[in-house]
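We call the chains A, B, C, D and E, going by the order they appear; numbering starts again at 1 in every chain.
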Amino acid sequence: GRAPVEGARTPAAGNAARIVSLSPALTRTVCMLGGQGAVVGRTPWCEAPDAVIVGTLEDRNLEAIAALHPTLILRQSSTEDPALETVAATSGASVHTWHFDRVEDVRAGLAPLAKLLAAGGIPGAEAAARDLLERHQRAIAAPVRTTLPVLFLFSVDPPMAFGAGTYVDDLWRTMGGANAISKAGYPTLTAEDVIRLAPAAVVVIGRGALPSWIGSASPVQVQVDAPDLLEPSARMLVDGPASLHRVDESIASARSGG
Amino acid sequence: MMQRRPMIGLALMAVASCIAVAARLLVVRTLDGSLVVGWPGPTLGQFRVDAVLVACSAGAALGASGAILQTLLRNPLASPFVLGVTSGAGAGVAFASLAASIAGMAAPTGAALGAPALAGALLALGCVLLLSRRHGALDPITLILGGVIVGAIASAGSTVAEALLPPERRGLLTGWLFGRIPEVPDMGSLAACAAAALGLTGLGAAWGNRLDGAALSDDEARSIGIALGPMRTAMFIGCGVATAATVALCGPIAFVGLLAPHCARALVGARNRILVPAAAVAGAGLLTAADALRQWIDIGGGRLPLGAVTAVFGGVAFLVLLRRTAAGWMA
Amino acid sequence: MSALRFQSPIIARGAFMFAPGEVAPSAGRVTVLIGPNGGGKTTALRAAAGMLAPEQGAILLDGAPVHTMPAAQRAARMALVAQRPEVGAPFSVRDVVALGRVLRPASPERIAHALARSGLTQLADRPFHALSGGQQQRVAVARAFAQHEPGGVLLLDEAFAAVDPPEAAALVREIRAEAAAGATVLAATHDLSVASALADDVWCIAGGRSTAFGAARELLTRAALPSLLGVAVAEAHGSRGTIAVADYGGILPEAPR
Amino acid sequence: MSALRFQSPIIARGAFMFAPGEVAPSAGRVTVLIGPNGGGKTTALRAAAGMLAPEQGAILLDGAPVHTMPAAQRAARMALVAQRPEVGAPFSVRDVVALGRVLRPASPERIAHALARSGLTQLADRPFHALSGGQQQRVAVARAFAQHEPGGVLLLDEAFAAVDPPEAAALVREIRAEAAAGATVLAATHDLSVASALADDVWCIAGGRSTAFGAARELLTRAALPSLLGVAVAEAHGSRGTIAVADYGGILPEAPR
Amino acid sequence: MMQRRPMIGLALMAVASCIAVAARLLVVRTLDGSLVVGWPGPTLGQFRVDAVLVACSAGAALGASGAILQTLLRNPLASPFVLGVTSGAGAGVAFASLAASIAGMAAPTGAALGAPALAGALLALGCVLLLSRRHGALDPITLILGGVIVGAIASAGSTVAEALLPPERRGLLTGWLFGRIPEVPDMGSLAACAAAALGLTGLGAAWGNRLDGAALSDDEARSIGIALGPMRTAMFIGCGVATAATVALCGPIAFVGLLAPHCARALVGARNRILVPAAAVAGAGLLTAADALRQWIDIGGGRLPLGAVTAVFGGVAFLVLLRRTAAGWMA
C-alpha cells in the first residue's frame, strides 16, 4: 500500500526505472550508461537538468524523494542511511550505495550499476558499460612519456594535491607516470613545500589564474580544465586518461621546447 | 523597559510556536514549486511529526540553557556555545569518525554519533568547570573565558580530525557539523533531549526566583539564602547536559541558544520564572519555524542549510524586537 | 533571639588583617560600627554574614560558625544590606524587595509592608534602575526588612549614607523597633547623628582591630569620640536626647567667613 | 572664575521633570544642594556637567550651553564626582586619579598632591578594587582635584557619604580653599553637619523644582530646615560656628531608652 | 592582580615574538619529514619573509583591535569577530565567488578577493554601527548584540552562497574561509594591513589614557573630557577597517583577536597605553608562531589548517597565563 502523496508525479508504467541519484559522479555514470531519461531526482551539482533537486547526500529531502516514487536510489558513501531505506520501502525502491575511492572502485561499480539500469528498462546499459570499460582499458594502455615525478594540484591557494591512492594517482601511475606526492590522500601543502618538491612539472587541474610563484616550483607548468579528473565517474575512466595524455603532451613539449 | 504583562508575551510566543509547528506539519513545497497544505499520510506524516519533535526538544533545550547562562554569567553574549560543550561534542564526533576510519570500520552515523557527541560534550564541560574553579567557587568571568577557550581548542581538534579523514568521509562529518533536524531521529537521543529540555525548563522555572537572585551582587545573593556556588555548578551542569543531548541529536545548532533568550526577554521581561520557559518556547518555535521555512524556500540549489535559515530568521526577529522594545539587556 | 559572636576571627585580605578579638553584639540592642575608612567595618559585617571564611577563630551564630552554615538557613536568621547594592537585571522595585523572601513564602502583604517601611510604596512598580541613589539604597533596606524575621540578625552597611533625613528618621524608628522586638542589629555608619539615634552600643574598629566596644552613652560623647575617630565633636540637644556631631566647622553668625 | 547658570532648563526623565527655574550658583562660594531622595540633586549636577540635554532652557557655563560644549573644553573648566564612582578595569589608585588629567599635562607632583589632599598617599599603589567603599569615594574626589583648575567648577554628588569624619574634615577644608581661590562649588549632601561646614549658599531641590536658594546662614537653621526637609533639626555649637543636625533622636542620660 | 612592571611583560612578549619570527624564517620540516634549519636562499627566503610580514601585520591588527574592543565594550568576550566584520568579509567573498560563477568568469583568487572582502566587511560594520545608535550615541550592549547578529546573518549568507556554488569552486571558497597566511601575498593588501596594524596600534597607544578613561562610568568618562561617542565611533571604525584589511589579506582568522589581548593583559596589565601595543605584539607573535608550528607538524595529511593551530597554541598559552597570574579580566 503506497501512501497517497501530495504533488506526486504519476508513477511510470511497468518496470521503467525512476532514479534518484545523490551523487554527481553516479548521475554522470548513469547518463553515460544511457539512463539520462530515467533520472528524476538529483543533487544541485548533478548534470541532469530534467530531474528535480532532492538535496544532497547529507541533507536529502525525504518527502521530496518519496514524492518522486523512485525505483532506484543511488548514493556514494561509506555509510548506510536507514531513514532513506524507510522512504524507499514506501515506494518499493531499492537503495544502492557505492564507495568510490580508487579507480578500481569505479571500474568495479560499473557492471552492477548497468545491471540495475538494465533491469529498470534501459536495455543498452550493460553493453554500454562493457564498451566504457574497453575504452578505458584502451585509454590507459598507452603509456605517458613523462616518467619523472609530476605534481597534480586541484587547488592553488592553498596548494592541495592528489596524493597516493587517489584516482588521479591511480590513472597516472597505471599509465607509467610518477606522482611527486607519496603521501596518501589529498594533502594541503605550502608554496614552499611545492618548490622543495621540485617536481618535473606542476599540473593544475581547474580554471582560474595561476599564482606567479608556481613558476619557481618547476620550469613546466600545465593547466588543464578537465572536469573529468575532478569526479570519480565513468567519465573519469574514459576521458580522464585522455586528459592526462594531453597533460603529458604539454609537459613533453614544454620540456623539449625549454 | 519594564514588562508589565509577561504572561501576554508568553502566550503570544506560544501561539507563534504553535503556528510554526502546524506549518511544519501541514505545509510543504512540492516539486513543481507550489506550496501545498495537507496531511501526507502516515509514513511521511511520521517524518514530519518526528522532525517537529526534534526541533521542539532541541530548540527548547537550547533556549532554556541560553536564558539560564545569560542570567548566571551576567553576560548577554553567553549561550550554550560559550560553555565549550557544542565544540566538545563536535570534536567527539570528529574523533569517533577518525577512529572508525583508521580502524577500517564504517563511518558512524545517526544513533552511533550520540555516544561520542555526549562524551565529547561532557569532557569539555568537565574541563571548563575544573578550569573555572577559583578559591572553590565558580567565577563567571573565568568560566566564560575558559568555555570559549576549551571550545576553541575542541573546534581545532575537529578541524584536525576532519583534515585527516579521507575525503569521502569528510563530507559526512561536515554535514553533521552544520547541524540538521533529522526526520528519522534516533528515538533514544530524542527522548533524552526532550527529557533534558523539559527538565531544564522546569528547573529554571522552579528556581526562577533564585536565578533572579543571582542578578544581585554575590554577597547580596548569598545573603538572601542562595547557595551561589552549588547553584551555579548545578545549573552549568544542567545546561551542559541539555546542550550535549541536543548536539547528540542534531549536531551543533548555532544561534538559537543566543537569540531565543533575547527574543523572549524582549517579550516577557527578565524574571527567570517566566523567562526560562519563554526562552524554551522561543527556541522551539524558532527552530521549528526555521525548519519549516527551509522546506518552502527554494533558491535554485535545493533546501537551504538549517543554520543559515535559523540565523537569518532568528537574527531578523531579534533585531525587530530590539528596535521595537527599545529594551535591551538592561533597564 | 539570635546570638552573634565574634570569637577572635582572623581574616587576611591582602595586606589587611581583620582581627577584632572577642566581640558579642547583644541581641535586642543596636550595635553601631564606627571607625575610619578601611578600618574593617565592611569586613566585619561581611564576615558576620558568612561571606568570608576566617583563617583562625570563628564567627558564631547561636554557637554555629556562620560561614559554613547552609545559605538558606543563614538567610532565615540574618539579613544583610551591602554597602553598594547591585541589581544586574531590569527588575522592578517590588521584584527586588521580593528577593528578600526568595526561599520562603512571601505574601504580597509582607512585601508591601517592607516597601512601606522604607517609604517605597509609591515607587513599587518603577524599574529599580530608574530610581535615584538614595531610593535604590532604601530598596536594599526594604529587601532586608522583607527577609528579616523577629529575633533575627540585621547587618546594615552604611544603609543610611544616601538616604534623606526624613526617610533616615523613619528607618531609625523601624530599626530600633526591630531591636526592641529582639533583633540583633549591627549597623556601620559614619554619620554621628544617625549613630546617636540608633546606637545602644558602639563598636569602633580601626586597622582591623576593635579599638572600643561599649555603651553608646559612654562612647558617643564629646569626651570619647575625638580620640576614637580623630575628629572634633560637638553636641546638640535634640528633643529626645543628646546628639553627637562631627565638628567640621559651622555657620558663623553675620561675620564674613 | 567661571559662571554657572541654570536658565530654566527642563529635563524629563521618565515621569520625573526637572525644572528648577533660574538659579546661578556664585563663583567663589560653595553651594550645597539638599533635598529629598529623588528630588533632583543628581539630575541637577549631571545636567550642570553637560550629561543631560535640556528640552527647554539651558545650563550655561560662561554663557555657553554646557551640554553642547566639546567634552575636552568642558573638562578643563569643570570636574564631576559622581554619586557612584565606577572603575571597570584593574587600575591602581594612582592610575584612576591620573585620569583626571587624561587630556592635559599631568606632572607626577600634581597627581601626588591630589592624592595627598584626599588622604590617599599611602594607598596610591594599591589596586582600586582592593579599597574600602569610603576609600574608593575619596579616589573619585582626588581625581576631581587632579582635574580641577583654579577658578573652575567642582560638582560633588554626595562625595562625603562614605567618607570617615577626619577625612571629611580634611575634604571640607580643601573644598573651601578651592572656593576661596575662586572655584564655583556645587555639592549635594544629606549630612547637615557637612552642609553646615561647607555651605555658603544652600539650594534645596524637591520634586525637580527649587524650593529654596539662599545663604546658608538663613537656610541651615533650626527655623528654616524642618519645613525644607521635613525633619526635626537640632543645633550644636562647634568651635567654629553653629552646626545644624538632623534630630533622629539621641542619647538619653542614664535612663533606659 | 596589579601589574607592577608592564614594561618587563612587554619586553618578554617582544622577545617571544622575535623567537617565533626567527623560527618561522629558519626552520621547516620538509614533506619527507626532516627538520631543516637554515636560510633557504633568496626565492624560498622571500616566501618566508613575506609570510612573516603577513602574519605579523594580521596578528598585530587583530590583537590591537581585540584589546581596544574589549576595553570599549567592557566585555571580555569582545573581539573583532563580534563586530560582524569578519563574517561580513566572508559573505563578500562568498557572493563574489557566486557572482563570478554565475557570470561564467574564473573564480576570483588572491588579490581579487581583497575588494569583495573589504566591501563585505565595511557593509557589515556600517549595519552594526547604524543598528547600535541609540539616542545618538553608540551603546556598548546594543553594539555587541548587533554585531553578533549581523555577523550571524552574514555567515548565513556565506553558507547559502557556498551551497549554491558548484563543488569545484566550493573548495576554493572553503579554503579561503578557513583563513591562511599567504606566502606570496598581494602586496597592496599586505601594505594596507600593515598600515592598518601600525595605525591602530599607534592610535591605541596614543589614546591609551582616553581608552583607560572609558573604563569609568559613562558620566565620569565624559566628565574627565573624553568625547565618548566620537571616540567609540572612531575606534570601532578603526578596528573594523583594520579587521577588514586583515580578512582581505588572510581570510577570517579566528581567536587571535580574542586571545592575544587576554594573554597581553595577563602580562602587562590593563593600562591601554601599553596593553594595545602588547596585544599587537602578542597577536603578531601568536600568528607567526602558529604559522611556524604548522610548518613543523606533520600528522600525515599535509599542513594543518592555520585556525586549528592558532586555537590550540593560543588557547593553551592563554590557559597557562590565566592559571599562572590568577588574574583575569578584572582585579
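Note that a residue touches a chain if its C-beta (ideal position, glycine included) is under 8 Å from a C-beta of that chain, and two chains touch if they have at least 3 such contacts.
Remember, predicted model here, so these are calculated numbers, not experimental data.
Peer 1: Listed by label, which chains are in contact with chain B and with chain D?
Peer 2: Expected: C, E.
Peer 1: Counting one step per pair of touching chains, how few steps separate chain A from chain E?
Peer 2: 1
Peer 1: Determine the centre-to-centre distance between chain C and chain E, using the mean Cα coordinates as centres, and give it in whole Å.
Peer 2: 50
Peer 1: Please tell me the distance, in whole Å, between the geometric centres of chain B and chain E computed from their C-alpha atoms.
Peer 2: Taking the mean C-alpha position of each chain, the two centres sit 28 Å apart.
Peer 1: Provide the C-alpha centroid distance between chain A and chain D, rounded to the nearest whole angstrom.
Peer 2: Centres of chain A and chain D (C-alpha means) sit 80 Å apart.
Peer 1: How many angstrom between the C-alpha centroids of chain C and chain B?
Peer 2: Centre-to-centre distance between chain B and chain C: 45 Å.
Peer 1: What parts of chain A, by residue number, touch at least two of the other chains?
Peer 2: Where chain A meets two or more other chains at a single residue, that happens at 44, 185-186, 188.
Peer 1: For chain D, which residues are shared contacts with two or more other chains?
Peer 2: In chain D, the residues touching two or more other chains are 84, 130.
Peer 1: Residue numbers in chain E touching 2 or more other chains?
Peer 2: Expected reply: 163-164, 300-302, 305, 330.
Peer 1: Among all the chains shown, which pairs meet the touch rule set out at the top?
Peer 2: Pairs satisfying the touch definition: A-B, A-E, B-C, B-E, C-D, D-E.
Peer 1: In the complex of these two chains, what residues of chain E are touching chain A?
Peer 2: On the chain E side, the touching residues are 28, 30-31, 40, 43-44, 47-48, 106-107, 109-110, 163-164, 166-168, 171-172, 175-176, 180, 182-184, 295, 300-303, 305.
Peer 1: If you look only at chain B, which of its residues touch chain E in the complex?
Peer 2: 75-77, 82, 131, 134, 139, 141-142, 144-146, 148-150, 152-153, 155-157, 159-160, 163-164, 178, 254-255, 258-259, 262, 299-302, 304-305, 307-312, 314-316, 318-319, 322, 326, 328-330
Peer 1: For a test of understanding, state which residues of chain C touch chain B in their complex under the given definition.
Peer 2: By the definition above, chain C touches chain B via 46, 49-51, 70-76, 78-80, 82, 84-92, 95, 98-100, 102-103, 125-127, 129-130, 140, 143, 147, 155.
Peer 1: Sort out for me which residues of chain A touch chain B in the complex.
Peer 2: It comes out as residues 3-7, 9, 43-44, 52-59, 61-64, 66-68, 76-83, 86-87, 90, 99-101, 185-186, 188.
Peer 1: For the complex, give me every residue of chain D touching chain C.
Peer 2: 13-14, 35-39, 42, 83-84, 123, 130-135, 138, 158, 161-169, 172, 176, 190-194, 196-200, 216-217, 220, 229-232, 234-254, 257
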